[in-house]
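Heads up, the thing below is written out as structure tokens.
Per-chain numbering from 1; labels A, B, C and D assigned in written order.
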Amino acid sequence: MMQSLYDRLKDRFNLGEFTGRRADLAFVTVSREQLRPLLLHLRDLEGFTHLVLLTAVDWIEDDTFQLTYLLNDRARARDIGVRLMLPRDDTQMDSIHDLWPTAATYQRELREMFGIDFPDSPRVNEDFILEGWVDIPPYRREFDTLRFARETYPERPGRETHDPATYMKQQLYPDGEDNG
Amino acid sequence: MKDELDKRLDNQPDGPERRGSLKDIPVREELLPRWVKGPEGQEYVVEPLQDYFCQAGPTVQTPAYTRIIEDLFNWARAESLWILGFGTGCGAIEMRPLMTPRFDAYRYGIQWRPTPRQANLFVISGYLSVKTLKRAIRSYEQMQNPKYVVGLGSCTINGGMYWDSYNTIKRLDDYLPVDLYITGCMPRPEALLQGFDDLKKLIRAGKAEGANHYAEHFDWYKANQKRVIKDWDMPDYSW
Amino acid sequence: MQFEWIMVPYSLLTLFIVVNYGLLLTALMQKIGARVGRRHGIPIWQNYVDLIKNYGIRSSITHGVMFYLGPVFRLTGGVGLLLFVPTLYGSEMFSNLSFAGDLILALYFIFFGSLGMALGAGESGHPHSAIGVSRGLSQVTTAELPFALAVFAIALQYQTLSVTEIVAAQQGSVWNWTLFTNPLAVAAAMLSFLGSMMRPPFDVVLAPQEIPIGPPTEYHSSYLALMQTNRVIFPIAKIVVYMNLFFGGAATWPVFFLKVFLIYFFSLFVGVVFPRFRVEQSVRWFLVWALPLGIAAILVV
Amino acid sequence: MAEYPDRSQYPAHLPDGSCDIDLSSGKYLKLWQGPNHPGITGNMSVELTVCGDEVVEGRTHVGYLHRGFEKLMERRTFIQCFPIVCRICVPEPDFNEYCYAAAVEELAGVEVPEKANWIRTLILEMGRVNSYLMYLGGQAGAFGQGVIGQWTTYARDLMLDRFEELTGARIYHMFILPGGVRDDLPEGFDQRMEETLREIESTLADVHDTMFRNAVFKKRAMGLGRVDPAWVDEYGVTGPVARAAGVAKDVRSDQPYLVYRELDLEPVIAHESDAYARADVRRRDLLMSVDLIRQVLARMPRKGPVMATLPNVLHWKIPRGETYVRGECSRGEYGYYLVTDGSGYPRRVNVRGPSYTHAMALLEKLIVNVNISDVAGLLVSLHTYPPEIER
């Protein structure tokens, strides 16, 4: 089902990598210029009327952010995830709040948690979740939450932590032989 | 609890240096000084932080009565715990069973008050994010002496599940004077009832003087609070 | 009848009995309400403990002079109402100062507390207080309207404004009660009674889910304790007025306790499973249902 | 007596709210509902600008419960993530466990035994019953009808007993883990469940009489917060809110997961789309859940394993991929978007909670022109749980 949709879309849009995940779920990569027409096409002609979520993945090794726009077509019970690769040094993206008003909330969160800017989105610069945040956006991979927590919030002495793997090894093989 | 706190106060931990601000946090607009036009056309300057709030800190309120009256009051305080209706974390979900047929804490003189002015027990129900901590401090300060704080769940004690989270505090007693902790994730209503029972014993014995402790070590608490709350845009003490 | 000094200790004794009865009665009502929710509810002495605790709070802050006076006014309203109507009919000891006051004074005292509260709560500067006060005043006003009409109706009926004489006219038999001689007036007054008891469906003034908790939001410690004291005196004083006007008064304490309990229970019984009206809905309700009854009562007389 | 602040110059501005509407005109008032407010659903706040009794503008503020789950999960192994996911949504934690487990299983290619799927369905429906019971009490409480909350919490306690019997915990069950479920049903569970269900049904009958047929409740709830069916797509509305607007949106029948394909269910819909219709849809949905629990217990296989064999979870690496798994929780569509990169840790987890759209964009749209008294009722009628907005 998703393959035939891809074949149809391929003729009209310049699409990138296609990943079929399940019979009713597939992901497709698209370029920045093509995103808006593609979303419009999916929404108005293919029946993907429900914006399920909009989020980002930080591929820090490749120096890119992946934006995922997940759309759902309820009538035909299928989903498509539209991927968009955004270079990490140019984190500006076009807002889609005029297609789905609810996208403004997602974009506000992305602005705060990843530092991806959506210039025209309403109230995008307002605090959403964090308040008085002084560090880099916390969902970026290079932000180390453990270090931040250690430096900011004093710990109560006496707390023990174990690395599960070594701890299990000690429990199971107290003599040090590891057959696994 | 108090002894342990005093010990810690003696050897003040040199907390980690405050991290340098990567971005400056502007003072909220409504807190900036501004000109206001009165109803008859006169203009005057309003400095919200100066004009709207009392700048004085809290004072130690000593029991001024004779021993026997103080004992009577302590008994009354113990038997009439009014919890502030502020569910700060997920522990709030066990509050409803606590006040309903199965557990019915009303039997023990426990009830909710929706405003901090009338409450005398603040139950911190679970982890506190920094944003909530700010509100919790203000709510706590608006309560009247004597007031008690109960920390609910492992996450108020040492961070619990969220020990490595960038947004939750790890030790509640750094920021508010805690009288009692109830462990668990999440603590069962029975545990809460037991905890309240123990709190009552503390109060009756006159040992729950958290509010005075807060007033005595006000600077220490404020320093701790300000270390975490980076955008401190409120008066130091909320009356 | 003239004022004599012995009336002062007698009145204080009345006050003492009423306060204690009120403390127990409100707790009992809460327990009955809790039973509907399948709970045991608070211990019967809980109100005493709360009162002691609130007087024992060490610190308190103020927002100005009226903030002090609000609870004082309110308490004055309750105590005054109680003292200027005869608590027990025909009793030398418990007629209080009723020779000096008449029905109009009682009506005035019923309103006096709310006005004092409005001034005090307004001073506290809390928006919830202000909203609660404006709601409270509009609702109390419309709720008092049928009551005032009912009072006029029975004043016309008995050709007197003196509470004592009205009670006297109802003695003899149960059938002499206003309840049976002028049922329309009683119906109007009882509907108005519901509106002034701050119980659902007419408790929008306090409304903890919306404006926690209305006028008393900023009140605490001794202020709150004063208001709590009033909260046990005022309903009973009001019920005493109702009892005297409509239910034949009471000649002995046991009858008094029973009648007060039953009238109080009426408001609980109606309200316990109801949600609350919004303020404009309750105003409309009083105007549509209670007011015509009151007018009809006057017309019938 | 403490000194008190000088309030002689108290201006029309209150210091606790910004004023982009010209507050100094004296016509408007900023009013914060929450976070320290009993009329708010959990720890969030709504900043209201009111004119008289009417709300001119409302803005939702969240983040008071933010713990950074999505970040924390990036530094926990797949099995370590499992105990923390349920903390995302307190009143109905099982959906987190299910969605997370299903996403991990799909990417790792683990086949779940059939019996585990039945038990999972059972747990999810039990959680739905809990959540709805809590909602009914909250909805009545928001209009001042406290006694309903007492009754439903009592019924919920009974269901929590069943949870405790099955999983050992009242709130956080941690029962559905990647690969299956932790344990089989205890002996005699069916019978005790049947007793509980009967008790819940009789409570619901009482609730129906005292709440849904109550003139005051009807007067307050009818016509409050109408959702236009056109907004369902625009604002990402799902679950009972959408179904009350006449859109039969229910993941259980649209894209059946677990064993819903084998159960008889029909999405409950209504058309009035106001607070009353939403409450009624939830009440009927609750009855359907009760029925589904009975169906599951009657039809589920009694033999077989409840757990698939997993590789050593301490060294469990999942190949690169991404997926989205959804389920229908009591508030709407709950989903997990999971991205893996071939290591032992999730690359990215994104939780799609239904409150995210309901409490933010939709609420801000609905709240305009609502009476202050009805704000709490409107909020509750959207059935939002703030922790799933901010995670």
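General remarks:
By definition in this document, contacts are C-beta pairs under 8 Å (C-beta built on N, C-alpha and C of every residue); 3 or more make two chains touch, one makes a residue touch a chain.
All values derive from a computational prediction rather than experimental measurement.
Taking the mean of C-alpha positions as each chain's centre, the chain lying farthest from the centre of chain C is A. Taking B-D and C-D together, the pair of chains sharing more C-beta contacts is B-D. Inter-chain centre distance (chain B to chain D, centres taken as mean C-alpha positions): 29 Å. Chain C and chain D have Cα centroids separated by 43 Å.
For this pair, chain B with chain C, the centres built from the Cα atoms lie 37 Å apart. Under the contact definition stated at the top, the residues of chain B that touch 2 or more other chains are 59, 85, 100-101, 114, 131, 164-168, 239. Under the contact definition stated at the top, the residues of chain C that touch 2 or more other chains are 37-39, 59-61, 208, 212.
Listed for chain D are residues 2, 4, 7, 37-38, 63, 66, 68, 71-72, 75, 149-150, 154, each touching two or more other chains. Chain C contributes residues 33, 36-39, 59-64, 125, 127, 131, 200-201, 203-204, 207-212, 272-281 to its touches with chain D in the complex.
The touching residues of chain D, counted against chain A in their complex, run 62-63, 66, 68, 70-72, 74-75, 77, 80, 106, 233-236, 238, 249, 254-255, 312, 314-315, 321-324, 326, 333, 335, 337, 339, 347-348, 350, 352, 356-357, 360-362, 390. Partner chain D is touched in their complex by these residues of chain A: 19, 21-22, 24-25, 27, 49-53, 55-58, 68, 70, 74, 77, 79, 81, 100-102, 104-105, 127-131, 138-139, 141, 143, 145-146, 164-165, 168, 180. Chain B meets chain C in the complex at residues 59, 61, 63-64, 72-73, 76-77, 79-80, 85, 100-101, 104, 106-107, 109, 111, 113-115, 117-118, 120, 144-146, 239.
Contact residues on chain A toward chain B in their complex (touch as defined above): 130-136, 138, 143, 145-146, 148-156, 158-159, 161.
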